[in-house]
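First comes the structure, then the notes that go with it.
Chain IDs A, B and C follow the sequence of writing; residue 1 opens each chain.
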Amino acid sequence: MKRITRKLLEGVAGVRAAAAFLLAALLLWQLVTSTGLVKFYVLPAPSTVLEAMARFRGELGEEALATLTVALAGFALGTVAAIAVAMTLTYSRLVRTAVYPLLLALRALPFIAIIPILVVLMGTGYEPRITICAISTFLTTLVNLMRGLRSADGEVEELMHTLNATGMQRLLKVRVYAARPYLLAALRISASSCVIEATVAEWITGDSGLGYLVQISGYTFQIGLMWAAIVVASALTLALVGVITLIEKVAMPWAPQAPGAGAAV
Amino acid sequence: MADRRDREGIVVRDVTMTYERRGITTTAVDGCDLIVPKGSWASLLGPSGCGKSTLLKILADIVRPTSGIATMDELTPAEARAARIFALVSQQSVMLPWRRLAENVELGLEVAGVSRRERRARAREAIELVGLSGFEKAYPHELSGGMRQRGAIARALTLRPKFLLMDEPFGALDELTRERLNFELIQILEETGATLLLVTHSVSEAVILSDKVAVMSPRPGRIVHVASLPFGHHRTPELRDDPRFVAAERELRHALGSGGAPDAAAPPEPAAPDRALVAG
Amino acid sequence: MRRVIPAALLLAAVLAGWELYVTLTGVSVLVVPPPSGIAAAIVENRADLVHQTLVTLAEASLGFLLGNLVAIVCAVAFTYSGLLRAGAYPLVLAMQAVPLVAIAPILVLWLGPGILSKVLLAAFLAYTVTLVNMVRGLASADAGTLELMHTLNASRWQQLTRVRFPAALPYLFTSLKLGASAAIVAAIAAEYIGALEGLGYLIHDTRARLDNEYLWAAVATAAVIGLAAFGLVVLAERWAMPWRREAVEET
């Protein structure tokens, strides 16, 4: 418990410096927009956005919940599926070699192109939105898990060999742990992707959610509300990523710093 | 009598190991013969690339020899590994970073299916033996290199191995720590009575820790000289001032010098040419 | 290359199975068209399809180039100015949380249905991805090497080009891979919201017209160019950094 509080406080200190700059940026933004230099429909003043957030907080809350539900449902489904498949794939190198390039290729597909197909197959409503989130989470998490499960040090493998460990023991005692940082990195990426995908999917299925809200407020030229919806969506993403980062710090106290795994975004 | 002690010890007979990489055949180990009687201590001494690590890996069943016989207590390396009669300590302490020290030390017993209560007891014993009491809950990254290596030795000891195979265990440590650990290891060996085979490139370490030193030369890896050392198993740091110690060192250096110059350009020994044995 | 064979076989099997399924179950073309139907649609509309694809590609590439260039310049600025780094960088990180693609309606509202909104969105996406990675990459330069350069009295420019940039290359390519796909997504997304041309527009249009086979064909084309863009960057990476094999993979 003490450790968690300490980490939280450390995070807060870092936030203070950034918060100062953020405040300065906001003030600058307010100034610029009030001089009328920038057209209102490009960049409304922060005051306008805040006002919209206050006025429409009911709608914003409702739609935020809709988007969040979709994103979380897809995220959970995709993660569980990815873990299950990753475990099964450990048994066959042939299947792994066949599947891995396909997974990489699938990840390169622009998700927005897939959504209309899903809508055609599943109709409008929650299903295609949850599915796209689930698919993208599944792909990202599975690819990273597979890398993570292979990432155990050669010397650790050698040690387990000399200790006469079985394959299952190696999997459960070593490889699963070696994969944890990769899994958490993938979760972080998937969480933010899910919010984006849920939002964009709403344009196409269009009946609820923050993306839908952005669209219709656009039609009625309520720029403040448009931006307010975006701000809420960003806050959602930050919150999700923050939760996962917190879980990471608690679940992996042995890592003095999170390993890079390349340069993850 | 001596014959039985020989058989129950480490027996290496005409062991050869060749491998091919990029079309070039290299002989890592060429027709080596060595006997380490049960309960005695031996070292493989030589420069980089002389095959000493390969020979040890053959005994540890990490690598398979191309020809020849290697046994420990009359068991082949594979049988020995299954029966868990030996323990390997390598240069990297190979601690699992996500486990605390005690859990790392318990790893061997855990894999062997020993009950938790017994595991804990044996681990605590071993940790005390290597002088790490109090650090059971520390994570590897919180420990110094020397402490981690002691942890690796503790892990090896929990298995109560008949044979202790060590591959340059103190190579990654600074000289002061290394010397201290050498003598600590002697005390541990005295208490446990295990048979030791140590790979090292340090002449003094070989003399401190052995009854017998096999000097190897590189390309191809051959045993060119075997020195017998007259010191018993009870050794203290004063040993270094003993004239016989100095003489032994001289003899070994001479053997190293004449048996093929330590070549700075010697190719590094392959990590494990036959990785198939350690398939993940 | 040989490693791809099992995967290719699997893909072929999937396509064959799909064709069989549609033929056997007689599923309506309005739900799931068979691969043969999609192929037919591609051939039938190939001129139009090619045109729309080129538009999307142009928008994505332009935005990609623009975003990356600006990002690299900014990354260098962040590396050398502690002030900027302390203040603006956290904001950039926060910007990563913004679902940029969701901004598409705003951009279309502001800039109209022309290509500018698409280029800008693609540029934004490429910018955020590359900026963060480049800053990390430039910072990852080995401290020992930089010290050495310092004692050799190397100029800042020399340090930048000879030490920091090479160290940042793996990071750059990771972000290029991500950015290439992201730019295409951005272009298509913005086109879907409001455009006169492009694959996104085509997807929107065919959906409205219930021309399901052409819709799938457009989607397939989008998928292919997304893949191709990714593949191109991978090839470029192999060329630029031949010493790294599987070491750096995108996440």
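Methods note: a residue touches a chain if its C-beta (ideal position, glycine included) is under 8 Å from a C-beta of that chain, and two chains touch if they have at least 3 such contacts.
The model shown is predicted, which means the values in this text are computed figures rather than measured ones.
Student: Per-chain Cα mean versus the mean over all protein Cα atoms: which chain has them closest together?
Tutor: That would be A.
Student: Measuring between mean CA coordinates, which chain is farthest from chain C?
Tutor: If we average the C-alpha coordinates per chain, B ends up farthest from chain C.
Student: What is the distance, in whole Å, between the centres of chain A and chain B, each centre taken as the mean of its C-alpha atoms?
Tutor: Here chain A and chain B have centroids separated by 48 Å.
Student: Nearest whole angstrom, what separates the Cα centre of chain A from the Cα centre of chain C?
Tutor: For chain A versus chain C, the centre distance works out to 18 Å.
Student: For chain B versus chain C, what separation do you get between their C-alpha means, in angstrom?
Tutor: Their C-alpha centroids are separated by 52 Å.
Student: Tell me, which residues of chain A touch at least two other chains?
Tutor: Within chain A, no residue touches at least two other chains.
Student: Quick check: in the complex, which residue numbers of chain A touch chain C?
Tutor: Those residues of chain A that touch chain C are 14-15, 17-18, 20-22, 24-25, 39, 41-42, 94, 97-102, 105, 107-114, 116-117, 119-121, 140, 143-144, 147, 185-186, 189, 192, 195-196, 199-200, 203-204, 210-211, 214-215, 218, 221, 223, 226-227, 229-230, 233-235, 237-238, 241, 261-265.
Student: Can you list the chain C residues touching chain A in their complex?
Tutor: 3-4, 6-7, 9-11, 30-32, 86-88, 90-91, 94, 96-103, 105-106, 108-110, 129, 132-133, 136-137, 170-171, 174-175, 178, 181, 184-185, 188-189, 192-193, 199-200, 203, 207, 212, 215-216, 218-219, 222-223, 226-227, 229-231, 248-251
Student: Which stretch or stretches of chain B touch chain A in the complex?
Tutor: 60-62, 81-82, 84, 86-88, 90, 92, 94, 96-99, 107-108, 110-112, 139-141, 271-272, 277-278, 280
Student: Enumerate the contact residues on chain A facing chain B in the complex.
Tutor: Within the complex, chain A contacts chain B at residues 150, 152-165, 169-170, 173-175, 177, 180, 252-256.
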